[in-house]
Amino acid sequence: MSLYTYSLLSIVGINIMLAVSLNMITGFCGQFSLGHGAFYGAGAYAAALCAVAGYPVPVALIAGAVVAGILGFVVGFASVRLREDFLAVTTIGVSFLFVGFVRKQHWLGAEMGISKIPGSGLGAEGNAVMILLFAAATIAFSLYLNRSWLGFAFRAVGDDEQAARTVAIPASSYKLLAFALGTAIAGLAGGLYTYFTQFIVPDSFGFILSVTLMAMVVIGGTGSTWGVVAATIILTLLPEVFRFINDYRLLIFGGLLVLVTRFAPGGLAGIVNSLTRRLRRA
Amino acid sequence: MDPDPVYYVDLTLNGLIFGAMYALMAIGLTLVYGLLRILHIAHAAVYAFGAFITVIVANATGSIALGIVVAIVASALLGPAIYRLLYEPLLKHPPYVAMIASMGLLIFMEDGFRILFGEQGLTFTRNPYPTEIHQLFGVTINTVQIAMIVLSVVCLTALALFTTRTRVGVAWRATVSNPTIATSFGVDAIKVRYLNFMIGSALAALAGALIALLNNFVEPSMGFVVSYKALAIIVLGGLGSMRGTLIASLALGLVESFGTILVGSYLDRDALAFLFLIIVLMVRPQGLTGARA
Amino acid sequence: MTNVLQVESVSIRFGGVQALTDVNFSVGKGEIVGLIGPNGAGKTTLLRIIAGVLAPDTGRVMLDGQNVTRLPTAARIAKGLAITHQIVRPFRSMTVLENTALAAGHKITANPLTAIFHWRRAAENSRAAAILAKVGLGGMEDRAVSALPLGHLKRLEVARALAVDPSVIILDEPLAGLNHREAEQQADTLAALNAEGLTTVLIEHNLREVMRVCKRLLVLDGGRIIADGAPAEVMADKAVREAYIGKADDHAAA
């Protein structure tokens, strides 16, 4: 396989980790977050600093996950304190704040980012395999989560927080955990991205990325792991397969978002579900 | 730092002017949110639309005033069309669905502007106003800035008078802050929705036109950051309150203006706005002026 | 007799409305008490304060002799309180069985870090099925709640509350929206549960059923307790009659 294929596979794997982890927060637990890119960035920067300082790969990856998870936990407090609409706007704020902050930090390379990051030593192929393994693990974890009592309670909190409290579910703890878990996975993806590119700049983690991830979740079907994975693969590969699309990338993206929310709010998963139901009836 | 007091007057004036533009933008969002509980992010696309129409018409006819009027009228039609075609069918879903759709529409329209008018956007062929400098009480100010102050004061005062002094206005405002009240006032709630989108969009177009004049150009992405800042403003203002929105707009203008000077080396202007938002929300979860739920 | 639930000088004000004024009462173990009062008397507000959804301006709430005024809702439920909502609030994305089974797993879900390590639901499902049968929702297990009529949703509220293994249950108008026969059945179910030892507070407008199953009545009017005692005595009380008849006159005038 070519270097190009490995890099495509790596990007798909990273995007799957990001979208599936965002789906844990938004799809499973009902907490709207438009700042997922910031946690991904925090993980990437933490891992990059570790790698540059000479720490081994596992340490850097764990550092990425932990830093992002802690940050996510802190932002999660906003979800405890604020009503829904305020939370959406606050996480948008987190997104802009992260990029605006990093851009001005000299110890993080400011606008120029961090370059000459040591490689993982696995080569392009090894990196792609590592990333895909982590992506597979993320999917498996997401599927497990949805079946576990944690996922069960997440659904209750997403449906009706107040009602969840009346069946002894401490909704705030659940929301914090959803944020911590989802953002830690995003941070891990950030660490993998760092080893993949060996060069990071603040603008890779901005608001557009956060919106793109939310689009993958919504188009795939909020709450459906497989739907989100499918949407992620399609939306990541489409512009690569059809080169001309690249010029109209955002136009198509925005258009898809409008069409899906307008005509199929359940996303791909919703469409597939209603099709299979219709087939079964026929 | 510059000890000259005029410098601070300058910063204050600049902050207030930006605040006034934010207010023109954000009033529309507040109106929509108050009535429909939708975060109408695509409002910024209407603002950019207004700016583009202004430049196109002004360049074609040679009259900037005509450009502004056409922009306002066209936007006042676009806003209600967005409501009718996009939001109305989504009202039965949870509010985040409409918000995502709105975000999609903003991205779609922005990229559409880029494809139609190019990455660089458009410039006025003849626009003398930003370079017409006046000295007022020792402060330097250009014609566009004066127009910004005068027009926003006129529009916001007219809106305030309309909503406090006329029967229709009072009913309208009551409906915005409590939609269920509409019927008891004998107001047609559906008409109020269209009115909201019309007035809000017209004000946004005016803001877009003025900003275009000030910068002497329009670019496809001009609405991008503004849209999210306007969201931050209506949240700061306590969501759904026009007075709160006005206060939050001016406060944000001032914070940005002074903050860029004071802490500009640690944070950029946009980050500063959201830092302000987050700090305020953590201290007062109900916003700057909102009452406790 | 030990007091399972005790409310001490609770008051709350919303803006200009004094919704509750110095409310005092206690409920002993095994009692079944009716809490009645005209619309807007403050019954639901009182329930919300007991459940910890609202914090009172003054006063305190005790469960099993323990002051819980500062505890969050979930912790109070874990201590043996259960409530139902006047306006039903089922988990919309779940089936009838799931709604109840989730509540039956409250020991697992009390801590998210415990919940993450559990996935088997068989025990909770069968317990939930048993409770559903008890409230008359047997056979409805796999229905989506969005397709359920109000009467069934009211029973689901009760089922979900029972599933958290309460020692005291407060029900906010569980009979509203049920027809004559259904209401009678539901009241019988509640009386039977009480006979098994469940302390019960029944907020209701259906006086017929309240008079039939409750051994004691509390009357709330304008945010104050105006009567507390045996049903027959309370209904004979002049203040109570005025509260209700005055209300009836208002209706007639309107």
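Each chain gets a letter, A, B and C, in the order it is written, and its residues are counted from 1.
Rule of thumb we're sticking to: a residue touches a chain if its C-beta (ideal position, glycine included) is under 8 Å from a C-beta of that chain, and two chains touch if they have at least 3 such contacts.
Please read all numbers here as calculations on a predicted model, not as lab measurements.
**Student:** May I ask which two chains are joined by the most contacting C-beta pairs?
**Tutor:** Among the chain pairs, A-B has the highest number of C-beta contacts.
**Student:** Can you tell me which chain lies farthest from chain A, using the average of the Cα atoms as each chain's centre?
**Tutor:** Farthest from chain A by mean C-alpha position: C.
**Student:** Mean of the CA atoms for each chain, then the mean for all of them together: which chain is nearest?
**Tutor:** Centre-most chain by C-alpha means: A.
**Student:** Starting from the mean Cα coordinates of chain A and chain B, work out the distance between those two points in Å.
**Tutor:** Here chain A and chain B have centroids separated by 31 Å.
**Student:** Using mean C-alpha positions as chain centres, tell me how far chain B is from chain C in Å, no decimals.
**Tutor:** Each chain reduced to its C-alpha mean, chain B and chain C end up 47 Å apart.
**Student:** Could you state the distance in Å from the CA-based centre of chain A to that of chain C?
**Tutor:** Between these chains, centre-to-centre, one finds 41 Å.
**Student:** Indicate the residues of chain C shared as contacts by at least two other chains.
**Tutor:** Correct list: empty.
**Student:** In the complex, go through chain C and note every residue touching chain A.
**Tutor:** Listed in rising order, the residues of chain C that touch chain A are 51, 53, 72-75, 77-78, 82-83, 85, 89-94, 98, 102-103, 105-106, 108-119, 121, 160-161, 163-164.
**Student:** What residues on chain A touch chain B, complex-wise?
**Tutor:** These residues of chain A touch chain B: 32, 78, 81-86, 88-90, 92-94, 96-97, 99-101, 103-104, 207, 211, 214-215, 218, 247-251, 253-258, 261-262, 265.
**Student:** Looking at the complex, which residues from chain A come into contact with chain C?
**Tutor:** On the chain A side, the touching residues are 144-145, 147-150, 152-153, 155-156, 158-160, 162-174, 177, 223.
**Student:** State the interface residues of chain B toward chain A in the complex, per the touch definition above.
**Tutor:** Listed in rising order, the residues of chain B that touch chain A are 33, 37, 39, 86, 89-90, 93, 95-101, 103-112, 114-115, 225, 228, 231-232, 235, 239, 265-275, 277-278, 281-282, 285, 293.
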